[in-house]
Each structure stands twice: as C-alpha cells, then as structure tokens.
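Two complexes are shown next, each including chain A; its partner changes from chain B in the first to chain C in the second.
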Partner chain A sequence: MEQNNSLPPFPQGLASPQGAMTPGLPIFSPMMPYGTGLTPQPVQNTNSLSLLEEQQRHGMVGGSGQTPQLYHSQVSTTTALPGNTPLYNTPLTPMTPVTPATPASESSGIVPQLQNIVSTVNLGCKLDLKTIALRARNAEYNPKRFAAVIMRIREPRTTALIFSSGKMVCTGAKSEEQSRLAARKYARVVQKLGFPAKFLDFKIQNMVGSCDVKFPIRLEGLVLTHQQFSSYEPELFPGLIYRMIKPRIVLLIFVSGKVVLTGAKVRGEIYEAFENIYPILKGFRKTT
Partner chain B sequence: MPSSCPECGSSNVVEDDLYSQRQWVCVDCGSVVSEGHLTTTVSDETQGRAVPYHASTEVLKKPCRNLIAGFSRVRALCRILRLSSDMESAVVSLFERAYNHPNFIFVTLTKKEILGGCCVLSVCRQCNWPVAMGTIGYLLGVDNATLGTVYREFTKVLNIEISTIGIMDMLESFCYDFKLGPQQVEEVFAEPAQRLVDRTSALIELAADAWIVTGRQPLPLLFAAVYLAWQSLNPTVRMKYTFVKFCKIGQAPKQSWHRSRDSVVKRLKELRDVLCKLGRELPWLRGGAVEPNTVVPLVDDILKNRRALLMRAVRNHEQQLQNESQTAQTTECDDELSDSNRSDSHSSKTPELMDPDQAGCENPPDKEATDCQLPPNHWSKRHLFLPPCVKSRKRRRVDAPQLEVTGDEEISDGEIESYIRSQDEIETYLKVRKELKNKA
Partner chain C sequence: MASTSRGDSLPKVQCPNHPDAILVEDYRAGDMICPECGLVVGDRVIDVGSEWRTFTNEKATKDPSRVGDTQNPLLNGGDLTTMISKGTGAASFDEFGNSKYQNRRTMSSSDRAMLNAFKEITTMADRINLPRNIIDRTNNLFKQVYEQKSLKGRSNDAIASACLYIACRQEGVPRTFKEICAVSRISKKEIGRCFKLILKALETSVDLITTGDFMSRFCSNLGLPKQVQMAATYIARKAVELDLVPGRSPISVAAAAIYMASQASAEKKTQKEIGDIAGVADVTIRQSYRLIYPRAADLFPPDFKFDTPVDKLPQL
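So, the complex of A and B:
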C-alpha cells in the first residue's frame, strides 16, 4: 500500500484523478501540481486507461472541486471525498484546532496503566448510617468530620463512601469491571444489614492512568510552545499541568518522564490523550 | 416612661417622634411631660451603632476600612519591590476588583493580605517584571503552598492569563539584591554585580543542561548558584566561608533563605557533583581526582569550556557503556551499538546528553547512585546526566497483581458475611462504648 514508486506522467487529457488515488496514506503537498513525480504518490494501477475505467466506475468526473485527502494534519481541514467509495478504509484525522498537531506516525508502544476508578451508584433507599456503622466490621462513621460511612473491602481493594440518601461513591479500583464488582459487593453488604438496597445508575465518574515515557522532558520548553494548554509553576508544583481539550483530559507531566492522565470517563480517552501527547513530548527529549 | 401627665392627670402619654429630641407628650393637654437629651454624650456615641450604608441617604459607598488598609499594604509591597507608578496603580485597581469579588469579599483578613500579594505577582508577571512567588511569600510571611492556593483561585475567578517566568529572568534582580559592592563589604568579599550575574548565569545554564533546574523551586537553586559563583571568583580566600556566612556578608534578609536552607544545601551538592563530572574531563588534570570539596577553584575553567566538556563527558560515558556491553553481550548487541554510535557521530555538534537508541545493557552503578533501588536494566542507566528524581527513587513501587473480573460475577455469601458483625460483637462493642463514655 505504501509503495512510493514514481508514477508515469498522466496524459494531459485526463482530469487530475486524485479522487481515485485515495486508498492508502497519500501525503500530498497542495502546492505541488500533481503528477510531476516530485510529490510521493501512492501507487495505483499504473495503467492510465484502467484508472480512467475505475474513475468512471466510481462515478466521478473531474476532480477540480475536491480537496485532496490530507493525512498530515498541519495543513488544512480535510473533507471526505464525496461520491467516492474508497477501495481501502482511508483514515480521517480529526482536524479540530484544539488537538495538538499529530504527525502521521505509528503508536508509541506504551500503554497507560489505570490506577484509580471513581464510580457512583444509587442504592435506591434511605439508609441509617448509625446502624450500618454499628453492624458492619469494615465501616467507620464520624458525623462530626464527614457525613458518610466509609466502608472498605479487601477484594477488589476499594473504599466506598455511603451517604444517608442512599447514594454511594466507590474509589480505588484498577479497572471498570473491578469497580462494578466492588460496588455490587458494597450493595450486598448493605442489603445484608437489612436495607432494601438496589443497584441503580452505576456510572464511572473518573478514571486515572499513568505511564512512563522513559526519557526526561524539558518542561520549560513545553510550556513555551503550548502556552494555551499548559501551566507550569515550579514554585507551586514540580509538574506541568496540561489541559488537553480533545479529549478533555488533564495530564500531569513530570521532568522524569512520568505522565499522569486524569479526568476520563472511558478508558479510550486516556489512551487517546496519551497518543496525542507522546509525539509532543518526544519533541522535548533532546537538549537544544 | 412616664405614665400620667402631671398637668391634666391623663394617662395618655405618647412618645413624640417629631423632633430630634425624644419627648413624652400628653395627648389631651399637649404639655411635654419629659424629654431626653438633646445632644449625645461621648459614651452614647461610642456605644451607639453607626447608621449602615443601606439605611442612610449616602449616595456613594465609602470603601470599607479593610479595603483602605489593604490599599496601603499593597502600595507598600510595590514600593519594596520598586515597581513603577503605572504598575502600582494597576496593582491597586486589580486589588479593588479582586477584593470586591463575591469569592473574596467574605474571606479572612489574612487571606485578603495574601490576595494583595497575588495582585502584585500577577501585575509583575504581565509586565515581565521578574518576581518569584517565594519573594512575595517571605514578604507576606506565608509559605508557597498557601500563596499558591489563593493565587490559583484568584487567576481562575478573575480570568487572568498566567504567564510563566523563567529562572534566568529572575537571576539579575536576584544577584543585585546582594550587597557586595566595594563600599559595603571588605575588599576580599566585594564583587561587582555584573560579574556575579555573568558567572551565576553560566552556572545556571550548566545546571539546566544537567537537569537540575527543571521541576525544582528556583530560589534555592539561585541561592546555591550565587554562592558558588561568589566563591569561584576568588576561591583562595572565599572557600572557607559557608553558605550562611555568605548570606550574612551579602546581607540577604534571613527570612528569604532561612526556610529553604536544606534545599540550598542539596542543590549545592548536586551542582558540585555536576562540576566534578565535568572537571574530570579537563585534559590538563590528566585524570586526577576531582572532589566536590575542592572543585570550586576549577569552576572558572569548567565554565569557560563547558560545552566541550559536556560533549566529552557524554562521549566517555557512552564509550564506557559500549565497552561493558561488548564484554557482556553477544556480537548482535555489538552491531546495534556500532550503528547507533555512527548515527550519533553525525549529530555530534550539539551536546548529546540523551541516547535513546542504545540497547539496554548492564551498567555498574554510578558513584552517587548508591541508594537507588532501580532494576538493573532501567533506562536511566544509559544517561550520564538525569533529573535526580529518576536516579534516586525513594521507594519501590509495588504493583498489585491485576484482578481479571467481568464485574458481574457471583458474590459469595461467605465473603459478605465476613464484613458483618455478629450479635455478640455488637453487644460487646456497645458495652465497651458505654463504659468508656461513663469513664470520660
């Protein structure tokens, strides 16, 4: 798919066939005239006649109104080519200006590990916290300090805050499934204590992940180039606070190369945020 | 309150509100039964309540006393920091805006003082006037953390854009604060400020290259760098003076460095270690020992040639790694390394402190890394200069084994029962609690 042989120049009569040339990852420079052989173009059928046939088959006439599909995100907005059924699935890079520019590259190979999941669930009935604190072994309740029972279970190792309204917050799990299992266990404990507990509206509220890029990072450089997203105050906190807009994740980036990602509702947001930030961090790897 | 009129005997006596003097008047005959004082005494005035703004006919609200006191405090801060009159007026107007904001109008007076400091800090940042948070902190007598929380809230609430300030910006005014002019101290201690600035900035640049600056508090590092610079400009005489003595000679205010003394000592150690690593590369020493205690006389030479020395140090480190890998590994490893060395030598103009492409090989620990608990093939062992937080990990992180669950498993009754107290336990607990309450 990625062979970059230079194409034979097209006969002048043909409309610029960029519409049919989209399978694969074309890297066009919009300034260069097509078919000069200077811009690398993905190899298609080298037979121009078959190209014409293909074009007609796809029902495309003339490519003047169409913008070439650009993978390199720094140039301009992409539009899906109308009326084209691509032979291969062409990747569409999201072109929102709020995503830091990501050059075409393979993934970093590093997977952030989830460290903490915060979830909430509604037990659906009013609870008597004094009774719960008295009759449960793993509960603590100090109404002067905080108006909820703090309950802990061993497996999965989590902590829950149980309020008298029947709402519960479960923290400390390392995966969504563990969080759900833990919340169910807490609900079961409350049930066994004599309350008609249900399990309504379980929702993951926050996910925290962390990883290590394995090289030191020049935070001062990063805050200069990404001013609108970053906040770096070494007198207050040794890490740089990067507020990514898409996805809406907050990253804490440290000089040692460790990165903490938080604010996600789904796992994919953490992975996406890390894949967005990794090329930027790589740029600040070497001293200048 | 009189009940009957002495004139006509009627009991219909009412209090008359017509005049500014309280009078009790008989309704039937109209005579004044008794009256209050026309004027107030001093005791009445001090005990009486002032008319609040909303009940008066005042058109413009006068600024409250605390706000006026805040203004004078903020102006004093500006004068201490020698801000221009434009900046001072900007600070005052920003303070008024912040003070009257709903988030800050009801906070404690201490917090209002800190708010004044935040206004000064914010205006200084906007005008690129280098002031560290630590400086404002010690002028107000608060620590960075407290100042930081108020500052963060202040910028968020008033939508102020924060611009970061670099350590190099703070350097010049920091050096000029030390009173080391020839008229102020003895000849041997005196140092023209510009020389001190130049030497300190070279040291800070070196520290930045060696990863000592990023992520750290700037002020302790500045103190350490100024001290080393001052020593190195006349090492024979000044070597014996400690950091505390230096601060006394330079008349640095004690509150500014006293709290961060320990950090300054740590930074000094790190700076000296970096200087030693480079000092060893000086060719005219011919591989002689360079110790942290005795490296200061060499600082002049090291700083003059720091770029070259950095490159040499890194290259020698790479060489050392390569030699070790050649003895330990197979020929396949050698091929990889020789490839990466070739590619390294192409880009040898810039000092290469990172070598991401070398294969991970065993490496004898560095001299300073005696207390680090890093695993043997850790990536940090490939680099000569690294942020200290990487090399000396304080505690080993233990990852719990991951539970593979679906979230919908069966929950055994036994497990849940283990979390519930038995009846005996509850009774015992209640008994003990009652006894403790009776005793207390």
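So, the complex of A and C:
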C-alpha cells in the first residue's frame, strides 16, 4: 500500500479513518463488498469509484459522524494521474439516506469528470502585494481593478488570487490533490519571497464536474414534471438549471445530453447527484 | 327589504325570498339586487366607484360632489387619507404670503414606493399598449412581492419590470425580455435575475414559451397578411415537432419561420427587418433558417399558395 506523499509532512494529528476500510486499500482487494443493494452497483466499472464509495459507506456508517472536510483532503492519497481513480473518502452523515434510485435499476456506468476545483487557504501572515507582484514571476497586480495579486503556475495549471490579508484562493485544478499541491506551491513562492507563510485551513470550496449521457434530452418535459427544482428559460440560457436538494448540487442540463454539475464540496456529491439525475434523464430521452 | 345580520362578523345581506342567491351589486345606484327576483335588497350602499361628474352651466371651478380619487382597496391597504387643499380667501395665508396648512404632501407614506411603482408599471405598459387586466395582474404581483420583502434590496423598477413580464406570461400573451427591456430602463440581465427571484419568492411557475405566442404580434408589426402569418405559425410548430431546431430559442425559430413564410409569399421581408422586430440578430435567424431549410417542403401547410416555389427559396 503506497502512500504517495508528494507533499511535505503535514500535521498528522488526525489519525487514519476509523472503520475497517482505509483509503489506502488497493482497489482489487477481495474484501470489498461488491453489491450491497444500497446504491445500484455498476456491473463493470473501470474506475470502480462507486465501489469505493460503497466500501467507504460501510466503513463510515458503523461509527463515525461527520468527518471534517479538511481531514479528508489531507489523508486521501492519490496517484498523480488526473481524472483516474484517486482514492477518496466521502464524509457522510451517520444516517445517510439511501439514494432514491431503485435497487433494480443499473447505475449509469458514466462517471462525471472533474473540471475545476476552487479552494482557499490561509497563509497566516499579512502580505505586501506590491513586492510579491514585482518579484514573483507570472504575477499581475492592478489595485485599481482588483485588490489581489493574480499568480499562475504551469504545473498543475492553476491560478491563485493572493490577498493582502494572507488569504489565498486557488482555482483551475482538476483534482483535490492537485489543488492542494498547487496551493502549497503558491505558498512556497510566497515563502521564498520572504514572508513567513504557513498553510492553514486548506478547504475545498467548490467542485465542478461534467459528463455526457450520450442521448438528447427533452428539456420541456423535464421542466414540466420537475417544476419545483428546474428552471428552463431559453431566452435567458439554453440549458435547464436543475437545483437538486439532496445533495445540494446545481446541474446544468443541455439538449445535447451534456450535463455540468457544480456546487459540490466533495467528489462524492457530484457522483451522487449524477446517479440521482441519470434515471430521470433516461425518462426524458428524445425518441427520434 | 331585509338586511338580516346573523351575528357573524359581517352582517350578511340576503334576499328574503332567495336566501341562497348571490346578490349583484349595482354600484351606480348603490344597490344590492337579487338576481332571481330582481328585488333591491340593500340600498344606500356607499358608492366606491369613481367620482361622479356634475354637468352644470355655472362656473365649474368648484364641483361640490367631488369625493376624491377612486378607492383602490386591493392595492393600497385601505388608503383613507385626508388632503388639505389650497385655501381660498385671505384667512388661509399667514404673514409672508405662505399658505397655512401646508399639509398637502404626505399621503400613505408607507406605500409611497408602491404607488410610485404602480405609476411606473402603468407607464411601461402604456408604451406597449398592454390591456388593463395585465396591468392589474402586474400590480397584484408587485404588491405580493413588496409585502414579502424578500427582494427588498432590488431596485423597485427592476421588480416592476419583472412583474410585468410574469403577468404577460401568466395571461397567455408572453412578451420577450427584449420587449420589456425596450420600455424599461433596467437591463435584460437584471430583469432575468429578478424574474427568477420572484418566481421563487411567490412559489409560482410559468408555462414554457412556444413559437406560436409571438406570431401574431411579429407578423402584424411586419405588415404580413394573415395567410403568411398562419403559414409561419405552422412552419414553426412543425419544425419544433420534427425536432429540426434542438436547443434553439423559440423566438429565433419563430423568426426563421416568418422569414421562410414571407420569402415564399409575395411580401418578402429581409432578415434584418425580421430581426429588428423580433429582437433577434440576423445571424441567429440565418442559423435557424439553415436548420429548417432542408425540410422546407414538409414544413409548409398543405394549402399554402406559393408565390416563390419551395426550391427557389433563398439558401444562405
């Protein structure tokens, strides 16, 4: 079991997750329960992310309450390959209501790809934006337009907004680990410029994912039946805006079958939302 | 004449012969009349209609039967204010020549903003000749939103414009956002935002717009005859049924259908003219037209008289 620690050791005060299943467990272990009927299991799933979700659910439902966000992003281990099977924990409330999908139906077999992660971190000291802008590479600072330094790095390709209070917003990463890595790189840049930068309260604020259901969708039908959740105004926006209550995710559904999911704090919410919407979308498939 | 009060909070007036009949109010004479037998059940009811006019031959500067503005109980929350008019005679002026009793101004200060908004709504609606029922509905919507206070931070004009848009939709005669923008100083983006917020606040919804809702207005603005209008309606409906234009706004499809119908008839309109009327860019009309052009022969109504045959339709 290999922990890919591309990061410098961070406070490991928080122990490994309680529950039998640890994130480090390799995917193909025989201990993984294959089908439990809680969520529709994919028959063959190359990414096996929902399988992972299943085992986490099993591990978590036993004892833990809501595990904090920060903790999960710290402990999760990933390979550097984006979009592939990074192991993750889904923080779940103790009484996780079962997803409304009927057990008899199959899951979609489509996995939404993460496109953007927005995270914030506190560097813990006041910064002088002018010196940062002058000395750092790839930094722009126009105080009349916006009160922060906009810095970019190439690997992972991200953009950061660095404010004089010491807080920083990091956008553009494609996975949680990349976002954290990028934020650390920015922190190191600031540190090298002479500021006593720390890395406090890293938190992922928003995750955006997208996928394709591969069939055209009748948006008019969807807005008729799901009126309280959907808003479809072709004059304002060509897609249907579906605000799912549980999990709290906003989905943009287009006629072509492409779906954009946003508003998630953890990866599992995106997957769960997509699994919820997929049978509904199947019901509104265009027949011609 | 029976005014039986049954000890309810409201004394109920009913006809003695037909207690179940709903009385018809004739406010001109201040009567309540039973529709079954015609009996005048209650008279001397206060006339809340607009003031009466007296036609006298004498000087009409002072009209003694003036009782004030029409009562608007639904919208004003019972505005029974007193206004002091300008005095006549020497006694009403204090020294310096100012009039005493200057209180002419403050009336229902709590609803001043609402009254202002009603005025604005009426102005906007007048510009596009909207009928009274839409204006009334708009006023009602505005009142509900205003009382709810959930959109308090938004500009009243934006809320009023959005209410106007919703009222037109609810009455079955939707106006495009651009048409509302044309009579309002608020941007389309802000009206769209307020529109979504109001729907959420009032927990209502509106029907989806269809191509046929706009045909009669656009075609008459362009001066197209009825046959062309009917043909355009048919084309647009068929195009949507056959799903030739997935994801296109119904306005653009309607504009393209009008273009096709007008080009096939004697009154040919250019894309620019149609774009001006519909509020659609002419490249958008071109795009939608390209999508419906291949099936043009199927889209026309069967009884259409072609001035230009289908194969001679412009192809762009």
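Keep this in mind: the second predicted complex is superposed on the first by the 181 of 288 C-alpha atoms of A that agree within 3 Å, B and C clash if a C-alpha of one lies under 4 Å from a C-alpha of the other, contacts with A are read in each partner's own complex, and residues count from 1 in each chain.
One rule holds for everything that comes next: a residue touches a chain if its C-beta (ideal position, glycine included) is under 8 Å from a C-beta of that chain, and two chains touch if they have at least 3 such contacts.
Being a predicted model, the structure only gives us computed values, none of them experimental.
Annotation for the three-chain superposition on chain A: chain B and chain C clash. Once chain A of one complex is fitted onto chain A of the other, the partner contacts of A:110 are absent, as it touches neither chain B nor chain C. Contacts of A:254 after superposition on the shared chain: both chain B and chain C are touched.
Of the two partners, chain B and chain C, it is B that touches more residues of chain A.
When the two structures are aligned on the shared chain, A:188 is found in touch with chain B, with no touch to chain C. Once the two complexes are overlaid on the shared chain, A:220 sits against chain B and chain C alike.
Of the two partner chains, chain B and chain C are each touched by A:231. With the contact threshold set out at the top, residues 216, 220, 223-224, 227, 231-236, 238, 254-256, 286, 288 of chain A are in contact with chain B in one structure and with chain C in the other. Taken together, the chain C residues at the contact with chain A in this complex read 176-177, 192, 195-196, 199, 205, 208-209, 242-243, 246-251.
Chain A meets chain C in the complex at residues 216, 220, 223-224, 227, 231-236, 238, 254-256, 286, 288. Chain B contributes residues 132-134, 144-145, 148, 151-152, 162-164, 166, 209, 211, 213-219, 350-354, 356, 379, 383, 386-387, 389-390, 399-400, 402-403, 405-409, 411, 415-421, 425-426, 429-430 to its touches with chain A in the complex. Chain A makes touch with chain B in their complex at residues 113, 134-138, 153, 155-157, 174-181, 184-185, 188-189, 192-193, 214-220, 223-224, 227, 231-239, 254-257, 285-288.
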